[in-house]
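Next come two complexes, and both contain subunit A; in the first it sits with subunit B, in the second with subunit C.
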Partner chain A sequence: MAEKVHCTIDGRTVEPRRGQTILQVADELGIYIPRYCYHPGLSIAGNCRICLVSVEKAPKPQIACYTQVQEGMTVWTHNEAAQKARRGVLEFLLVNHPLDCPVCDQAGECWLQDYYMQFGLYTSRLREDKIKKAKAKVLGPAVILDAERCILCTRCVRFCNEIAGTHELEVFQMGAHEELGTYPGVELKNPYSGCVVDICPVGALTDRDFRFKARVWYLSEQKSVCPGCATGCNIRVHFNQKRTHHALGKRVMRLKPRYNPHVNDWWMCDEGRYGYRWIDEGRLLVPQKRRDGTYVDLDWDQALSDVASGLRAVMDKHGPSSVAVLPSPQQTNEALYLVRRLFAEHLGVRHVDFWIPPATQGYHDDFLIKADKNPNSAGARLLGLFPRDGSPAAEEFLLNHGPLKALYVFRHDLLGRYGEEALRPLLGNLELLVYQGTNRNATSRRADYVLPSAAYMEEHGTFVNFKGRVQRLFQCLEPLAQSLPDWKILVRLAVLLGLELGHSGQEEIFLDMAREIPALDGLDYAALGDQGVESDFSGIPLWPKTVNRQRSNVSREQPAHLPRVTNDE
Partner chain B sequence: MEKILTRNWGKESSHTLEVYLRDGGYEALRKALREFEPRALIDEIKKSNLRGRGGAGFPMGQKMSFVPRGTGKPVYLCVNADESEPGTFKDRYILERDPHMMIEGALIACYAIGAQQVYVYIRGEFRQQARILDGAIREAYQGGFLGRNILGNGFDLDMYWHTGAGAYICGEETGLLESLEGKKAWPRLRPPFPAVAGLYNFPTLIHNVETLACLPHIVARGGEWFAKLGVEKNGGTKIYGLSGHVREPGLYELPMGIKLRELIYQHGGGIRGGRQLKGVIPGGASCPILRAEEIDVEMDFDALQKIGSMFGTGCPVVMDETTCMVEAAYSVAKFFAHESCGQCTPCREGAEWIRKIMHRILNAQGRPDDVDHMLDLCDNIQGKTICALGDAAAMAARGFLRKFRDEFEFHVRHGRCELS
Partner chain C sequence: MAYYNVSRPSEKLTWRERIYLPELFKGLRITTRHFVVNLALHAVRLLGIKTRRRGAVTFQYPEERRPLSPRLRTRHRLTKREDGMPRCVACMMCETVCPADCIYIVAGELPDPNVEKYPVRFDIDLGVCVFCGFCVEACPEDAIRMDTGILEIASDSREEMIYSIDRLLSG
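Coming up: the complex of A and B.
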């Protein structure tokens, strides 16, 4: 237990830990001290001076972000001296800052605007010309700089030095002519470069992908989890529902990292940040069937009854070993659980594998980016959706011409991955190829039936990240066009195949799953909250071998070809 | 009066080891190593009432006692030879005329604090002085005063010099450390102070050239003797650098606490052309200006502080009745705006804003509220910055505005100077 000190902040007696700063203690008390350069994830620069507060017996105001509480200290955060200091700093910051908020992309989420309204409200005393600096200067693929709007807080510089470790940015020149910039011949091009826009408190650094596409006050926000890799960075989805005509019908406008100290702190990578376009582009919109080389639309009843009878026919003729199912580690646990229930347990399909190895190993680093570009490989493993008891892996039974007659593919682009040539023997042998997924791809264009799924932002659900953290996705948007969440499709398909699952929502499915999977024991959506729960993966408890809806001994099998799930990291 | 710091200056080749040794050079070092324990040496220096000659006037002995001992970490001494204060030109002469006195002082300081490396940080423009110092350091190595086992006493010390690139901020002690470490000279947040975590995060003492040059004499003749040369709490002599509208500008070694009037009129020969004195900046541009009627003040840290100014580097800039104080203030404001490192907001934006307002006034576009506005901006800068240079910019401007408010107001009202 850290040593406590006794001090008073704004007349409230507190006992913070020695070493805490005034700003940290004030935050805990709910006393808001303004800050620009201070960011909890970065070193303390103390340069903006907006957090000056009065400390009794100190000869001058102290910066709350750096000054540590001392025994007997008395702090006033909003007395006259502190307010004057704060207003003075704000006025200085605005001296050379353009006052053209209506044309600034940051308007509405600008800390200069906010603090002016909260702490400023003075009449301008500036009669002089403002200093001209670079406008719309491209710093790198993701970020653009308006040097006139920059308040030189160095958050971005510190981010590149301390978090990305890439050192592209620096403040050049001196005094009022200082400008942020990249070192000569260097671009702001690191895997996390978009984060500098998040932490820029003003309109200096803006996102080339987002800027001038929407006014932020028209955006709605919902929490989610990035599906870009096995880390599962917590994100906020910003989408446009209030002014749809502003964005030509595009709904998702940008992704922002959401603080989670167990996963991603305040950060996310550019790959994840800008990997949202598929939500609104190239989607499968209606159920379809292939007839005479073209696709015709079906309604859901027709499509599902066709698929059910097709499956039934193959099973009756060739037996369950002629059917293979490829669930996807892009799917939620809720969907995967129903895949398991319907195909593995009810229909007795043995060829089940979620893992299609990528052609090349994905980019990865020692920070947030994982080589496994799937958000839920761990969940699929947890649910045992891989071949066991000597069954071949997916790649084996796809490429080595197993006696497959029906193939049910979720999301995987098999043709894109292996090519037409390699799969020709398989495809030539198939009597039924069903593709259930979100977007058009080479595989959907060869399928006999195409069933459009909702994307991760369009449904509730959970993913399990590489460390075994179970995290919730919240529904942001309605499923596009006629697409449906996987669980709804599976519940309806199951009925047609003689299995009454009876689920009417994702949480219900989760609760059933949690009752059966030791690693999820006792969890429900409320317990997961918006920060997730790290489940105990020691020994990798897998799906019970003998399924009887009762908890049973778990298998500890660890197939070598699958990505590892471990709590050790 | 006996010349102490400047005793060798008139001699031929005064910068050489040979000349320095002729008059007992490095004997104080020998005495320090033989007769003093490091702690006793610091006590002796405390007795001398020697205060830092770089501008802040911190008691040297006290500063030395802040350096922790026996931490197992290396301890550094940095010599601040980044003399850049406008109107100040004393350290450059020490480096030119008698570099060994500074080297000997540095050796004594290192022995007292247990440092084994000295870095001399020299102002970028001081190329000649750096060359002279380089020669002196080589001579000192050859003479056995630097290097291993100095004077057979088992004391080791290496001395290196490094030039800046001409930025005023590098003279700020933590800016100096950053620059020395190869970074941009943005001053550090304190605490920790350099004595605890300085160069490369190790305990570091930073001293001005002139301050160190005093040490050999304190060791040779005793702290009390040195203290008696000056006045209360301000020991020793001082190299005053007199510039501006005096008949005989130059460097004068005189006791601490001498009257400013005496310095100007007796030693500096009075105002040129028999004109009247109008104002004096007592110790470099950072110090608030004094009006002619205030020059009966003693030139020491406490007396000047008492009347709202500062002793600074002890180098007064004298201005006669032909000086436009708005122009003088503008020139000082321009300096501080130009030399603001730009790290923290109040100094970066405030110094430039004040410069712009003064520029506007000089261009006959002054407004009635400009003076009060600038005074308020000074309030918003002073005491709110990371380092003392923000304070300096504010205090200098406030000095002109308060003491010569009438001239600013004349400019504002008439769009011209009352002198024109």
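Coming up: the complex of A and C.
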């Protein structure tokens, strides 16, 4: 236990640990001290001076972000002197600041604007011309700089030095001419470069991808988990539903990291950050069936009964070993669980494998980015969706022409991965190819039936990351067009194939799953919360625990906080 | 573009109103009363007698127009810079403040780093606009004004009520 000291902040007596700064203690007390250069994930620079507070017996105001609490210290964070000092600092910071708010993407989430409204509100006394600096200067693939707007807090510099470790940025020149820039001949190009935009408290560094797309006050926000790799960085999805014309009807505007000390702290990688376009582009919109080389639209009832009778026919003629199912590690646990229940258990399909090895190993490093570019491989493994009891792996039964007659593919682009040539024997042999996924791809263009599913932002659910952390996705958007969440499709298909699953919401599915899988024992959505729970992952495969399925059918109660969902839409 | 369907709860007509003739005569009575009263008022005034109430005056619109107050809010226009570009920087202040949600702006990027942002699209749906003038108040660039003096904006279709950037820029 660290040594405690006694001090008073704004008249409240506290006992913080020695070594804590005034700002940290104030944060714990819920007293907000303004800050620019201080970031909890970076070293302390103490250069912006906006966090000045009065400390009794000190000759002048002290910076709260750097001054450590001392025995017997008395701090006033919002008294006259502190306020005056802060207003003065803000005035200095704004001396050469351009009047750019109308064209600045930061406007609306800018700390200069916020603090000016909170405690600035002075009238400008500047008579001289403002100093001109570089405007709209491209620093790298993701980031654009307006040096006039920069307040030289060096958060971005410290990020590149301390977190990314790539040292691209530095502050050059002196005094009022100080200017942020990259070293000569260097681009701000590292796998995490987008993070400097998040931490820049003003509009100096803005996102090229988001540039002028929408004003931030039109954006809505929901919590989710990045599906870009096995780390599962926690994210906030920013989407625009209020003024849809802004990005020509595209809904998702940007992704931002969400603080989670167990996974990604404050950061996320660029690949994940900008990997959202497929949500609004190239999506499958309606169930379709191939007829004479073209696709005709079907309604869901028709499509599902066709698929069900197709599967039935193949199974009756050739037996369950002629059917293969490829669930995807891009799917939520809830969907995967139903795949397991319907195909592996109910229909007795033996060829079930979630893993299609990628052509080349993905980029990875020792910080966040993992080589496995799927968010839920661990979940699929946890649910036992891989070949066991000596049955061959997916690659084996696809390429070495097992006697497959029906193939049900979730999301995997098999043709894109292996090419037409390698799969020709398989495709020639197939009587039924069903593709259930979110986007058009080479495989969906060959499938007999195409079932559009909702993307991860369009449903509730859970992913399990590489460490075994079970994390929640929250629904941000309505499923696009006629697409449906995987679980709804599977529940309806199961009914047609003679299995009454009876689930009417994702949480119900999760509860059933948690009852059967020891690693998820006792968990529910409330327990997962925003930040997830680390599950005990030892001893995979953990399936199946002997369960009394009767129980799962009795408990049909849906928690009151979830909107009631039905299957008939 | 969204249209707004404004519907009113249907008002049931009484049987008296439905047989129509009584209502017709009621209307005729009002018109006749106005005619006679105004004729009398004007006649008396012609004779040089001051009355407290004055007879109604008719402007021979459209040949004759009422003078407009300079601060009257009339149809919008977008102002231009010296080089003919719109002054608007697509800051969306007007779109944000507009209580009728009838301004539609899409921003684009200009190579000139001193301007940076400009409206690729700027539509005002005058069929929905309530002529409150908030857009003019909110604009930090004096880029939108309601001083054209144009009041005749009726049209045959809803599409024509949507003024695009070209129409707004040409005054």
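Keep in mind that, in the parts below, the second predicted complex is superposed on the first by the 543 of 569 C-alpha atoms of A that agree within 3 Å, B and C clash if a C-alpha of one lies under 4 Å from a C-alpha of the other, contacts with A are read in each partner's own complex, and residues count from 1 in each chain.
Heads up, the rule we're going with is that a contact is a pair of C-beta atoms (placed from the backbone, for glycine too) under 8 Å apart; a residue touches a chain by one contact, two chains touch by 3 or more.
Quick caveat: nothing in here was measured; it's all calculated off a predicted structure.
Participant: Following superposition onto subunit A, is the placement of subunit B relative to subunit C best described as a clash or a fit?
Facilitator: They fit: once the shared chain is superposed, the two partners occupy separate space.
Participant: Comparing subunit C with subunit B, which touches more residues belonging to subunit A?
Facilitator: B
Participant: Have a look at where A:66 lands relative to subunit B and subunit C in the superposition and call it first, second, both or neither.
Facilitator: Touch status of A:66: first partner only.
Participant: Please work out whether A:136 is in contact with subunit B alone, subunit C alone, both, or neither, and reply first, second, both or neither.
Facilitator: A:136: touches subunit C, not subunit B.
Participant: Quick check for you: in the superposed arrangement, does A:95 touch first (subunit B), second (subunit C), both or neither?
Facilitator: The answer is first: A:95 touches subunit B but not subunit C.
Participant: Check the residue A:176 against both partner chains and state whether it touches subunit B (first), subunit C (second), both, or neither.
Facilitator: So A:176 only meets subunit B here.
Participant: Could you say whether A:246 touches subunit B, subunit C, both of them, or neither, answering first, second, both or neither?
Facilitator: Once the two structures are laid over each other on A, A:246 reaches subunit C alone.
Participant: Taking the superposition as given, does A:269 touch the first partner, subunit B, the second, subunit C, both, or neither?
Facilitator: Neither subunit B nor subunit C is touched by A:269.
Participant: Under the stated touch criterion, which partner chain does A:103 make contact with: subunit B (first), subunit C (second), both, or neither?
Facilitator: second
Participant: For A:215, decide between first (touching subunit B), second (touching subunit C), both and neither.
Facilitator: second
Participant: Is A:44 touching anything from subunit B or subunit C once the two structures are fitted on A? First, second, both or neither.
Facilitator: Only subunit B is touched by A:44; subunit C is not.
Participant: Rounded to the nearest Å, state the minimum C-alpha distance from subunit B to subunit C in the superposed three-chain model.
Facilitator: Comparing every C-alpha of subunit B with every C-alpha of subunit C, the smallest gap is 23 Å.
Participant: If you lay the two complexes on top of each other, which residues of subunit A touch subunit B in one and subunit C in the other?
Facilitator: none
Participant: Which stretch or stretches of subunit C touch subunit A in the complex?
Facilitator: Per the stated touch rule, the residues are 89-93, 95-96, 104-109, 113-117, 121, 140-141.
Participant: Where on subunit B does subunit A make contact in their complex?
Facilitator: Those in contact with subunit A are residues 167, 169, 184, 189, 337-346, 348-353, 356-357, 360, 367, 373, 377, 379-381, 383-386.
Participant: With touch defined as at the start, can you tell me which subunit A residues reach subunit C in the complex?
Facilitator: Counting only subunit A, the residues touching subunit C are 101-103, 107, 135-136, 211-213, 215, 217, 243, 245-246, 248.
Participant: Could you please specify the touching residues of subunit A with respect to subunit B in the complex?
Facilitator: 44, 46-50, 52, 59-61, 63, 66, 84-85, 88-89, 91-93, 95-96, 125-129, 131, 151-152, 170-171, 173-178
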